Each structure stands twice: as structure tokens, then as C-alpha cells.
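After this come two complexes, each holding subunit A, first together with subunit B and then together with subunit C.
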Partner chain A sequence: MRMPSSDILVIGGGPAGIQAARGIADLGYKAIVVEKRDRLGGMPDEAGYAALTPDMRDTGEAIAEMVAPILDNPGVELRFGTTATACTGVAGDFNVTLQKADGAAEDICVGSVIICTGFKHFDPGRETQQYGYYQYDDVITLVDCERMLKAKNFVRPSNGEVPERVCFIQCVGSRDRQIGNEYCSKVCCGVASKEAIEIRQQVPGCRVFVFYIDMRMYGYWENEIYWPAQEKYKVNYVKGIATEVVRKGDKLIVKGEDTTLRRPMEVPMDMVILSVGMEPSEGTEAMAKVFGVKQNKYRFIETIGGALDTVSTTVSGIFAAGACTGPADLEDSTSSGGAAAMKAIACVRKANTQIPA
Partner chain B sequence: MEFPLDLSGSAYRDVPFEEKERLLDEVKSDLRFQDVMYGCYECGICVAACPSARFYDFSPRVIAQAVAREDADLVYTLMNDSIWDCSQCFSCDRCPRANSPGGLITIMREVAVNNALQTARKALEGYERIIYKIMSTGTQVSPDMLQPDAFPDWGTHVHEIADNLEIWRRALPPETLHTTETGWSIDDKTIIELYLIWHMTGVMDMIKGVDEGLFMILVDVMEERLEEAGYDVEFE
Partner chain C sequence: MPVDKTQIIEKELAVVDGIELSADWNRMFEQRTLFDYDLQYMDRITDLDGGESLGWCYQCAQCIPVCPVNTVGDYGPRKIFRKAQTGTNLFEHPDLWQCTTCANCLRVCPKEVNMIDIMPAVREEAVMEGYVPDELQEAFENTFEYGNPLGESPRKRAAWIQETGATVPVMKDIGRAVDILWFVECYPAYHPRGKEASAALARVLGTLGVDFGVLGTEEKCTCDSQRLAGEKGLFEEFAEANIKTLGKYSFNTILVTDPHALNALRKEYPAMGGEYDVVHYTTYLAPRMQELKFTRKLDYRVTFHDPCYLGRHNGEYEAPRQMLAAIPGVEVTEMQRCRENSFCCGGGGGGMWLDGFMSDHVKERLSEQRVKEAVETGADVLAVCCPYEVSRFTDAVKSTGNEGKLVVRDIIELVTEAMG
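Now for the complex of A and B:
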């Protein structure tokens, strides 16, 4: 008879997965991390974020520091270019098929699984306003902006000139019944404000506006990002969302309402940055199916414990952490990664003690 | 209830955008500015607390917001209109961001006066006599001056107050018991120093900008007293 395994499979090597694997190894268990890319770091690394929100640490440096403890760690087995394609069994005794990019498959036996497959950025081509992301070079997203800031080359894509006026448009793809994403993506207010500060640092002559519905800067994000952006870096927050961006000469005209001053606005901008929200990644959708866990109406993996248990799914022994369960910031992702490690270990210990000698 | 902000008014002179920016810069470069304007998240507490907002098309939030956004056009509009509706009671100082829209308005008014904006002149018209009295005697009114025949323009309710002035005074005992007689009789040294201060600190230039008639009257009074005291002062 095959002995059940106490190994824990972690799917996804982003912040949540890294934290989960580290916790599992630290507690004396073995984590098998599968990552479809050829490196760890998840979305902050893949998308090339300049600095992390809210502490503005250099992303490369911060992620390297996070990754270090699970590299060359006997408690962590890293499998790159690999995905999970099938799963059978029950809590404490799962059989999971792993497949490499070249098609080579292997079955492994694990006691528990933690899905950490994260989110993808909303595709601004699907927004229901008329922002013209695919029409105008100078309309970019938060993600494009991160890359430019990282390269210290914040210029107008259309002509390479340094911009004098740029604006962020918040809630693109979030809080929108027409699109179907009724949720708030949670991080975009902070990320946009962080980028606004970076723009003001890199291009001091450039005026920065943020058009918003309401600013969601919870906890310390208020005093660490929002207030400094306004007070120290003179970022202009205007309550009111644009409905349309049109080109006039070599400028973009942003049309909307300045709601608190009660006037319609048509303001010229050199660049428009769309604050795109989060949607479940393709990996998240695929893993939900492979492991048979229920997805919520927005196709994120559903957790069943409400506010008191953020990592248990509808299948016993299968846990989920980070942004695969819904919009999450780094604090959420690492916290839930740790919580999932604890739950997964509890699961395999319980299963092992129940096996008759 | 809505308080639409009428931005179409043209009761004052339009000026080039650069001039509006210069005025805004003057407001922002005031030493007090950093203590009255941090950032605004438009919670509306200042408007909720504001007595003027109950009666006028006036919003301290809009003033703070316009300045925070460095909207030179709107700031110019407000400096020509809305800022004069403020009663300077500073109820708005309860702002959770520690802004002081009232303090901001103080600065904006001073900039409006120092630059002799048309509306500053208009707003100060009603205070001509008070300014005259303060500048020529160093004091304004004493409690017993509150009589209908002394200040008929204070309105009909002054009768009611004046009729029972003694009772009012007992109910609200002021620290000072100044009377008309003592209030306006200032010793020579004090009045000469006062006139020299008005002259040397630029107050007279400011008065000339906002009220030329008043300026001429004051110059007559001051020149004579100063000359008697041995000062040869030229008011331009």
C-alpha cells in the first residue's frame, strides 16, 4: 500500500506562493513549487513593476530578498516551466499530474495543494467607455507606466517628448456592472498614486492629475501614499471619471465631469494612464478546473470561510492564496500565503495520523 | 439643496492667464500658506460648519480645492467674488486634514487688496469710514457709539439695540469701557508713530490702490500732523 505523502504542492511562484513555500519549509515540511515561467517573482517581476506599493521599495531588490530563502533550500523543490494538468485523490493523498512545456508528464503524490496562480491585468480593450487604448499611443496602462518608470524613461510614446500634463483614470475594468467586474480591484488607487509620485520625482515639470470615483487608500496607504502625493508632490485629485479620450492635434482631450466643482471638463493631456484592475489569470481559471474548486461569479477561486478563513476552497485539502481568490495587494498575498501553508500542514498531519499502522 | 457655482460672471475685468498665475503664485508664496493648505479630499466638513455657506453661494471647499489644484482661472474667479462672502469665523478650521480655508481666504483677500483688484475695491467700499477712522485715530468705534443717529446705515435694528444699550452692556460687559470721547482722543506721540507706520509699511500705497478718494483725505490729515511734528513725509 502506498503511503500518503506529507509533501505540499504550491502552484505559482509569485508573492503568495513564495511565502507559502517558505512557511512550509521553515516548519519542516517539503514544498514542491511549480511555476510555468522559468523564474520566481510572479506578476511584480513578470510585469516589470518599478517600485512596490506602498513602501516604494525597488521591486527587483524586494522580490530577490523574498525569493532568496527558498532557493537552494532542501525543503523546497522548484519546478519551472511546469503546470498541473490533472488531480485525483482526497485530502492527504492527492495524485497530481505535472506537465512540462515540452509535454513530458509526471505524476506526483502530495498531501495538500495550495493554488497561488494570481491575477491578470484587465485588458483596456474591453472597457465600455472610449479611452482609446488601442487607438492612441499616448494612452497607456498602469502596467505600461511601471515599465517606463523602471527604465527611468517617462516620455510620450507617440513622439518621445517629455510630457507636461498627464492624468490617471481610475477604476478601468473595475466597479462596473456593464463589464461584469462589480468588485473594486483594491490596489489601483495606491498604485496610481505611487506612480504619480514617481512621475513627479522623475519629471518634476509634469503636472499629474488623478480622475477618480472615490480614493480607496485604506490603512497606512492614506498617510504613506495619498497624503504625500497631494501635499508633497502636488498631484491633483479630481473627483469625476472621464468618459472619453479624443485626439486634438498632438494632444489628448479628456472629457468628464469635475463633480465637486460642478462643471463639465474637457482638459488637454499629453498622456493618459488607465488604472486597469484585476481579473483572474488564465492559470487561476485553469487550476480551478484541474482541482475542481468552485469559482465565484467573477471567476476567481471561491474561498468558503468568509472573513475568518481566507484560504480554504470548496475541496478539502486544496487551498488558495493571493490574488487567485480575488483582488489582493502584496500584504494580502503574503499573509494568505502564510495562512495557507499553516492550513496545508495541518491537513497533511491530520491525514497522516489517521492512517492505520 | 444645490449651490451652483456661477463661473460665467463677468462683473470684473478679465486678465491674461499669466496675470492670474502671478496672483496665484503670490497666494502660494505667502509665509502662512503652508500652514493653511495641505491637501483636500473633499469631505465637506468645512462647508457643513460654514455659516456663510448657509446664506450665500459660497463654499470653503471649492476655494480650498481650486487652490489645491492650482487652477489659476478658477482662483481668479473666486478672488473676484466668492472670497468676500466669507465671514472669517474660522469654523472651517475643524478640517481633518488641518487645512484652514478661512486662513487661505485671509491670504487671498490680502493679495486681492494688495493688487487692487476691482472686487477688493468694491468689497471695501462699505468700510470706507471704518478704515478712515482706524487709520486716522487708531481706533474704530466704542460701545457707546452704537446709536442710530451716529450710524444710520447700520440698519433699523440699531434702534432696538440703541434704545436699551445700557442693558446690553451690562449683559455683555466688555473689558474696555471706552467711550466716544476717550476712544478718539489719541496722544500725539501715538498718532505720529501710527501715521509713520502706515507710511513706511506700504499701507498707504495699498489704500491708494483700493480707494483713491479715501487716500487723498487721509493724506490731508496725516501730512498736516506729521509736518507739525517735524516730519517731512511725501505720500505719492
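Now for the complex of A and C:
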């Protein structure tokens, strides 16, 4: 009889996966981290975030600090350019097929699996509303804005000029029955406010507006981002998101209602930043199928314990952490990564005790 | 002053140049769509010393239900924020003069948007640029010229003493130190109802054997309401003069009749170099009520109006009630809005001198609202302890048709009535 493995497979090298691998190694077990890209860091690195929300730390620096403990760590085996393509077995004794980009496949034996394959940013081209993301150069997303802020080059894409007035439109791709994403993406209010502060820091002459339905600045984000944005950086928050964006001359006209004044508004802007939300990444959807775990109505991986167990999936021994289970901020992702490491270790220990030598 | 253009105006009757227009002519549609967010006025306000916190409003709207002005008109701090954010020039807008600085909004504001700082800061700019309602300007000019907003002769500031036959030592005549320096202030010195209350207070102080004196004609207006209405320069000039005068005499405590004077002397004068122990007459007398001999039982049902500048601004809610409770026969009944949530008589922050102006912007005076509320309690006496209130509420009793149902009395007058 084959010995069950006590190794734990972590799929995805973003914040949740990094934290899970670190926890597994710290507790004396071995983590095999599979990452389809050739580097760690996940979405903050891949999308080129300028600074992280809410503490505004430089993304590169923060990711490097996160990654350091799992580099050259005997308890962590990193496999880049690799994905999982098949899985058989049961908790404590899974056989997983890993495939490299060149097609080379290898089967490994692991006791448990943690899926940390994250989210993708909503594509505003798939909108029911008319924000013209693919039509107007000066309509960008939070992600595009991050890249510009990181490059310290916040200018109008259409003409390279420094903008005098920009606005964020919140809830793009979130809280929308027609689109199918009824959930709140949780981070966009904070990220937009963080970017608004960065814009005011980099381009002090540029006025910033945020058109919102509700500002959802939970916990300390309220005092750490929202209040400074409004009070210190004079960012203007206006209740009511825009319905459409049209071009007039070289300006964009944002049309909506100023709800607290109960008046329609058609206000010129130099740039419009769409606060796009989260959807499950392709990797998340693929892994759900490979490992046979149930996806929820929104195609994120379903966790079964409600608020009391945020990492167990419908398959025993397979756990999920981070934004592959639904909208999550960095804090959620690292926390659930740690929680998943603990559950996965408990799973392999239990399996090793139960199966006779 | 420009008209607020945010509304569609539909008049029941439109008269233009004396010609009555009918039907569709009465409908005047103003521009509905907002075509811009002009931030220049918001920036100008938030750049002012004291104006910063206007930009902190996040539209929770808790200020609106507690704003007295909003109960009679369309006004409130969160609305001021939105108007400024959408390009209204508050410096030249009628809204600038509606706030009575009653501080009920600040009491409930989670963001601490402080209209008590914002309004004087913006008004000061407007005053310098000449955008001041005429009647307020007149009060400023009276104060400047005569030392009181009523425009009465400064030489007659102590005339009430003789007129009422009160026994009141005047500091410059007695030439010695006193325990209590009574800062009488303008309305208690000049207004007919104020004089009566002053005579009553003089009698009580005398009965209690208080060693006191007044400044007489040397006293000038403390100008707290002028300061809040935007005349900071006038305030500073008068504060300097009063501090200089007070510096000539020795006393332990300043006693005031007027909560607005209490506010100035206690909170504003120290920064100008005048540090005093200041006490409102109710705070001073409440613990001494048992020393008075009452010969009459007053069978009055009394309701009490907390002055904004005694209560919310300076934290005294108990002393007036203790005084009332000590008067034989008086039964006290509270109005719904009392203590911390007390209503405003409309006189603060310059409102005392803006009744004509305000009549174009509100459906009725705050004092009228308050009198109706007092009548609802079944009270026959509305007791007050701020000199603005006696005249304001007395007028309101008449204008609301409640003469005969309700009388307005200063607490000190009830005390002397019971003394017999």
C-alpha cells in the first residue's frame, strides 16, 4: 500500500497562496506552490498596482516582503509556468497532474490542496451601461489608473495632457442584476479613494470627483482613506453614479443625477475612471472543474461553512482561500490563506493517523 | 441678492408690474440640469480660518432634523455643503444669514462640521465686501457708534437704574473692590422688558446682600452676536475696550444676565487677554434660592426655554430649572425640544437683527414656532433667562394670536414676584 503524502499543494502564488505556503512551511510541512506565471505576487503584481489599499505601501516593496519567507525555504517548492490539469483520490491521498507550459506533465501525490487562484477585474466592455470604455481613450479603469500612477504619469491617454478634472464612477460591474454580479466587490470604494488621493498628490491641480451609490468604506478604511481623501485632499464625493458618458469636443460629458440635489447633471470631465469590480479568474473557474469543487451562482468557488469556516469547499481535503471564493481585499486574502494552511495541515494529519502504516 | 435657482417655481399668483398674470404665465422653469461643479466657492470657504470643516460633510443629514431654520424654511448645513459644492456663491447668497449659530447641528454631527466657526468666517468676508443685509448693517453701525446694537445713547446705559428705582452701585462711583461685577449688557440695560428684569435681579442681589457693582456707562456691548454675524473687527475693538475697563477694577467674579455675554467673556475674551471667572445669573442664584423669603405662591404652569448660548454653548441646563423649582407654587412642564435639543428663539448669530430679511426666506419666525410649542404644553408662562428672548417671544405670542394664553417672563421676574 502506497504511503499517503503529507505534502500540500497550493495553487496560485498570489497573496493568499503565499501566506498559505508560508504557514505550511512554518508548521513543518511541505508546500508545493504551482503558479502559472513565472513569478509570485499575484494580481497586485500582475496588474501593476501602484500602492496597496489601505496603507498605501508601495506594492513592489510589500509583495517582496510577503514573498521573502517562502523563497529558498526548504519547506516550499515553487513550480512556475505550471498548472494543475487533473485530480483523483480523496482527502489525504490526492493524485494531481501538473502540466508545464510546454505540455510536459507530471503526477504528484499530495494530502491536501489549497486553491488560491484569485479574481479578474471586470471588463467594462461587458457593460449594460454606456461608459464607452472601448470607445473613448480617456475612459479608463481602476487598473489602468494604477499603472499610470505607478509610472508617475497621470495624463489623458487621448492627448498626453495633464487632466484638470477627473471622476470615478463606482460599482461598475458590481451590484448589478443585469450583468449577473449582484455582489459588492468590496474593495473598489477604498481603491478609488486611494487612487483619488494619489492623483491629488501627483497632480495637485486636478480636481477629483467620486460618483457613488453608497460609499462602502468598512472598518478602518473609513478613517484611513475616505476621511483623508475628503478632508485633506478635497476629493468630492457625489451620491448617484452616472448613467452614461458621451464625448463633446475634447471633453467627456458624464451624465447622471445629483441625487441629493435631485437634479440631472451633465458635467464635463477630462478623464473618467471606472471602478471595476471583481469576477472569478479563468484560473479559478478552471481549478473548480479540475478539483470538482462547487462554484456559487457567480462562479466563485463556494465555501461551505458560511461565516464560521471561510476556506472549506464541497470536496473534503480541498480548500480555497483569497479572492477565488469571492471579492476579497488583501487583508481577507492573507487571513484566509493562513486559515486554509491550518485546515489543510489538520486534514493531512488526520489522514496520516487514520490510514494504517 | 441672487435667488436660489434650484427649484421650479410655480406660483399660485404672479403679479408683474402690477399686472396679475394668470394660467401658464405663473409657471417659471429654472434651469434643472447641473452643467458644472464649480468648486471655487467651496475652495474659498475651506481655505478660510474656521471654514475648513465645511468640506468634511458626508451627507448623513443628521443636522437637518435638528436645524431650527429647516423647520420653517429650506436650509441646513448639509444643504449648504451641497450648494457650495455645486457652485453656489455663499458669500453673496441669502443662506449665509440664516444660521442662528444655535449649535444643534454640531451637537449631532459625526464629522464635526462646525457651523459656529464656518458662518462667522464666511460672513466676515461678506461683511468686508459689503454683502450684508441692511438691517444687520444698521445694527453693526449702531454698535460702532453708540456701543449698543439698539442705537441708544451710551450716556443712558445706566439710566435704567434710576428709572426703575433699583439700588445698584456703579464701580467708578464706589471706588473699591467688589465680590461680583455684574456685566449688564445691552438689552438688559436698554430694552423696556430687559430693564424690568435687570431691576428684579438688582433687588435679588440686594436682598441676598451680594457685594456687587456695575460698569454703568463705561460698559460696552460684548459684541458676541456681532462677531458671529461676521463683524470680527468690531468684536475685537469692543473686547479690547471692555478688557481695559474691567482692568481698572477689582472683583472676584463677573455675573452676566446675557448668555451671549457669558459666551464672549468666558470663551473669547481669554484669547484677547481677558481671563475672568464668569457666571450666568441662574448659575449664581440657583444654590442661593433657599436664602430668599417668598411671601407669595405663584400658581403658574411654567415651561422653560433653554437659551442656546447658556445650554448647548456653555453647558448649563440645571440652574434655571432649579430656580424655577424653588419658587413656591410653580409647576414646571417641559417642551418636547428641551435641554440639549432645545429649539432656538432665532435671535443668535445676528438673527436678532435679521427678522425683516428672514421673513423673505422662512414661513414663520423661530420664536413663533417656539411659542406654539410652549402653548401646546398647556403652560401659562414661558420662562426665559436670555434678554433676546423676552422681546422675541412676547412679539411671537402676539403674532400667533396667543395673547391671554401665554406670558413671557424672565425667571428673575418670577422670583421677585414670589418675593412679593
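Following the convention adopted for this analysis, the second predicted complex is superposed on the first by the 357 of 357 C-alpha atoms of A that agree within 3 Å, B and C clash if a C-alpha of one lies under 4 Å from a C-alpha of the other, contacts with A are read in each partner's own complex, and residues count from 1 in each chain.
Keep this in mind: contacts are C-beta pairs under 8 Å (C-beta built on N, C-alpha and C of every residue); 3 or more make two chains touch, one makes a residue touch a chain.
This structure is a prediction, so every number in the text was calculated from the model and none was measured.
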Looking at the superposed three-chain arrangement on subunit A, would you call subunit B and subunit C a clash or a fit? clash
Between subunit B (first) and subunit C (second), which does A:Val267 come into contact with in this model arrangement: first, second, both, or neither? second
Could you let me know whether more residues of subunit A are touched by subunit B or by subunit C? C
For A:Lys239, using the defined touch cut-off, is the partner it touches subunit B, subunit C, both, or neither? Pick first, second, both or neither. both
Could you say whether A:Met56 touches subunit B, subunit C, both of them, or neither, answering first, second, both or neither? neither
Considering only the touch criterion stated at the top, classify A:Val203 as touching first (subunit B), second (subunit C), both, or neither. neither
Per the contact definition in the header, classify A:Gln230: touching subunit B only (first), subunit C only (second), both, or neither. both
Which of subunit B and subunit C A:Ile108 touches, first, second, both or neither: neither
With both structures aligned on chain A, tell me which stretch of subunit C collides with subunit B: 9-17, 171-179 or 189-197. 189-197
Which residues of subunit A are in contact with subunit B in one complex and with subunit C in the other? 207, 215, 226-227, 230-231, 234, 236-239, 260-261, 263
Subunit A to subunit B touching residues, read off their complex: 207, 215, 226-227, 230-231, 234, 236-239, 260-263
Enumerate the contact residues on subunit B facing subunit A in the complex. 4-5, 7, 38-42, 61-62, 65-66, 68-70, 74, 97
In the complex formed with subunit A, which residues of subunit C make contact? 6, 32-37, 39, 43, 46, 55-56, 58-59, 78, 82, 85-86, 111
Partner subunit C, residues of subunit A touching it in the complex: 207, 209, 215, 226-227, 230-231, 234, 236-239, 258, 260-261, 263-268
